[in-house]
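The block underneath contains the structure these notes are about, expressed in structure tokens.
Chains here go by letter, A, B, C and D, matching the order in which they are written, and residues are numbered from 1 within each.
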């Protein structure tokens, strides 16, 4: 099984775009493994190495890639089936970063207030789960790993790995996890998949801006849906079909996610647009994935159990 | 058991404020029943009575109240424990309303596009659940009733029953349901509780703007926490402590909810502010309650299982 | 000439609604004078009386009114022609108020950062203009007075005098000034006009949240346009026709203002909707009135010189 | 005088980034001329060539560049002094583009409504000004040309020429005009200046999404401020010092602009942060540049007349 490692890249990759020589090539249907650094490039390891000391913009959140997918062409859709994500070490890290996060003035929501203090957490990962703080007498947090960042190259743009967008990217969506299939638009030959920002656990919204950050070793398979394009990432599992909206303000992210969900329902199932809209109003679920990144991310989820009869595709 | 009915009011109530003579008085600890009209005043009953024909602003979403709570004074907190909500008839109604909803131009997000068509749905309610559309071969939707609108009077303002706010109001939050305790600020003598807008079911976000609307008969009990005030509604059940943010844009609603959650944690539990913020980033859940009303509503939920040791209150 | 004073009211008025007994009655075409307190009720007079010490919510921004306009009925439009606004004393005051303003965490944009410091400024008003700070060697600021708050009662709601809205209210728009005619919707018999929050000068956006606040004595005349209603306030002078949008986020305020401008142009002038939209794209001006209040305010301005031929009204 | 033309580029440039070989090199202090295509690549020339027929994303808004500035290094500031912008032909074009603009559902503010109709305008440019529509009896619009798009390369990102940002880009700010000096951050060797999207006239906000679009021939000079960096573009002329905020929602753009203005004032003039904030509240002006692009743009303007004494720089 092919193993793809950031260590084989000539330099770390901090943008998702069409300008970097592919790190590896995979075939549709091929199972492969990937290793990733954590969002801090594994450089934050304790109180003495806080983010603002060891990192400088824009060199944050390195991803592994680009991975060239054989046969992928503009107008296709790439699917990524994630089989497993293992932690690359026995602890996660997190931090509060001044002028970043959901409850403070930031570079985008600019305020004159003094920044919040910077603090680093080391979270041991055990077989029973994640220890948030040994001094707090609370249960371990389940290890539920996912990729905070996964996306395909835009046609012309190179987008910071800190931003989500139409291409996927830094969505910080816990639904990008083992057992789920993630779909991305293909805009360039080879699709150019990028993967990184492993999280061992994360709450909805990732409110402080940082999850339990880990390097990872993951196992996955890619496939292509030829000649069918999607506007924004989609996700599927046994329970839900899901659409993703990345935008600011947050209601625009929700509008995109629901618009794509209504479009999916009406194109592939026997239901008209207004009825699909109304059915969503009664049965849809919503995940606030992140309220901290350059764009915010909302996942709209439609329970499979309520899917109408599938439309005959011609 | 005292029964409080909108039928006993001299006229229907469309604002939540201090200016209407109380409809009834209840004592802390007293169990009572309340009946409510649906958000359309029970006047939308089929395709021939669409909202824009039978209703006119601001006479939409009548609530039952005000209910005067004995002993309530400014600075207290009112708790409402909901025991049961029964549907007041054997069907729910829903509708698309032109220039209202999450995926269209509205009176607040003004566009020059032609409005979406108006349509009415009648949803039979059976013992097995709610029939969305007899022509769609999908399972019945579980009957999971809640109050879309519940709140206490502000001190000076009279707020449309279509709007949520610091006082509660039209939050369209499925967590305002049987089994949960809802907390509201008390701003005036008697608190002046208002209740309405029963929903038999609703998806996250209530994306079309309308849920499965029903008149209700509910059973509940109120109580007072004397001398302790809250800024925004709170909710508790066996699984979560929850805070509510009502604002636009949606990220401001999320900020309020999380800020109040962090405040709650730090005041009542042995955890400092930054640690509480970070713990929320790893374990909190978020409900998008509505993305359609005059203000949007976000519920931030903290799982009880992760609550630190309770602080000794002096 | 009738003089209307807040001193004649049984108590100060902090909401704009239909529930308060009118303070005075005026006839269409009648010229009258009004005096107003400043937004702090004249209680902030120096460093020893900062807002958080001498004021408590919701008792902020008292207005003079309600003023009953003879013959005004729901569905009419009220015009207010402002002739003069004089400062009621020889100084203005301003302040930074913790958790209020455009560049800090606030009660609506909630952050965990420490609040900004509170500070009070006393600004002498001389015949040559306003002294910002005697220690700063800068020119005097021109005395350009206007009412920050002016509006008519909603039908059922009572709206805080701190909030703007469809009824006008706390728009903090420098265009509500002598020489201009301001139009408000009439929702209740007598219209119930409220006036306050005099500003001796203010920058666009009122970014700190506070202008040069003054009590005032103003001279004005009201009139009625019978049987014609408007959705949101409008303003006219020799140079522009203007529409007002009050909303959050700010783009929704801008959308409302421009939508109403396009509607005005197409209803009263010989131009179709798309052409009017496009013409606005080339010649309209925009004023950011406030980015600090409960709703933000945008004024869209169309230069009279580009007005097409007036439509024949039937 | 060196003339730099898009015609000399191997292919048209649709992103602003570090990945394209420079088209030309200029020296600080050197005067040069540049020609640019209009935002439609000069391909929309009448009703038969509407944007959706002749263009396809992401190949919209070609810019001339990159222009390499000798000696520019990361951490410097680039100034561009614009001397003249001439129209490259005797007419401008404009259009309504479905799902783009300020008063309709768009790709970011997603709605289910039918799109607005597409329409093309040809605006003759005469010595007396611009004819909006020969059928409308209104005065000619003054020819007030500026560049809608001007910016320097980010360090790693390649940003669509349709988007503004920290690097400048598609700000659609009428202040990027002859007589003004525009400042941009330098992130890469040579700064890599890109210029395009000439507008012959534009209203505040560019509400339909399209101005009077023209190809241009411009004359300008660049210079460097060595070792001083800025976070976001700045503009100066005889009347104002100006800062630019590019963000969504619009209040975040305003916050960035005002934050940078306060920072500028406090760093270079003898005034403290809170006093500068308050002075802005009384005398600043605001331009809404665009409310239609991928990010919105606000210009905060401080009148030079009120500038405090300049700080002694060490």
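FYI, a residue touches a chain if its C-beta (ideal position, glycine included) is under 8 Å from a C-beta of that chain, and two chains touch if they have at least 3 such contacts.
What you see is a predicted model; the values in this text were computed from it and never measured.
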Based on the averaged CA atom positions, which chain is farthest from chain B?
D
Name whichever of B-D and B-C has more C-beta pairs touching across its two chains.
B-C
Cα centre of chain B to Cα centre of chain C, whole Å, reads 32
Between the Cα centroids of chain B and chain D the separation in whole angstrom comes to 46
Residues of chain D that touch at least two other chains are 103, 109-112, 116, 248-249, 255, 258-259, 262, 274, 277
Applying the document's contact rule, which stretches of chain D touch chain B when the two form their complex?
103-105, 109-116, 249
Taking the complex as given, what residues does chain D use to touch chain A?
14-15, 17, 19, 58, 108-112, 154-160, 245, 247-249, 252, 255-256, 258-260, 262, 273-274, 277
In their complex, what parts of chain A are in touch with chain B?
94, 96, 101-103, 116-117, 119, 121, 130, 132-133, 136-139, 141, 201-212, 248-251, 254-255, 258-259, 262, 271, 274-275, 277-288, 291, 296, 298, 300, 305-309
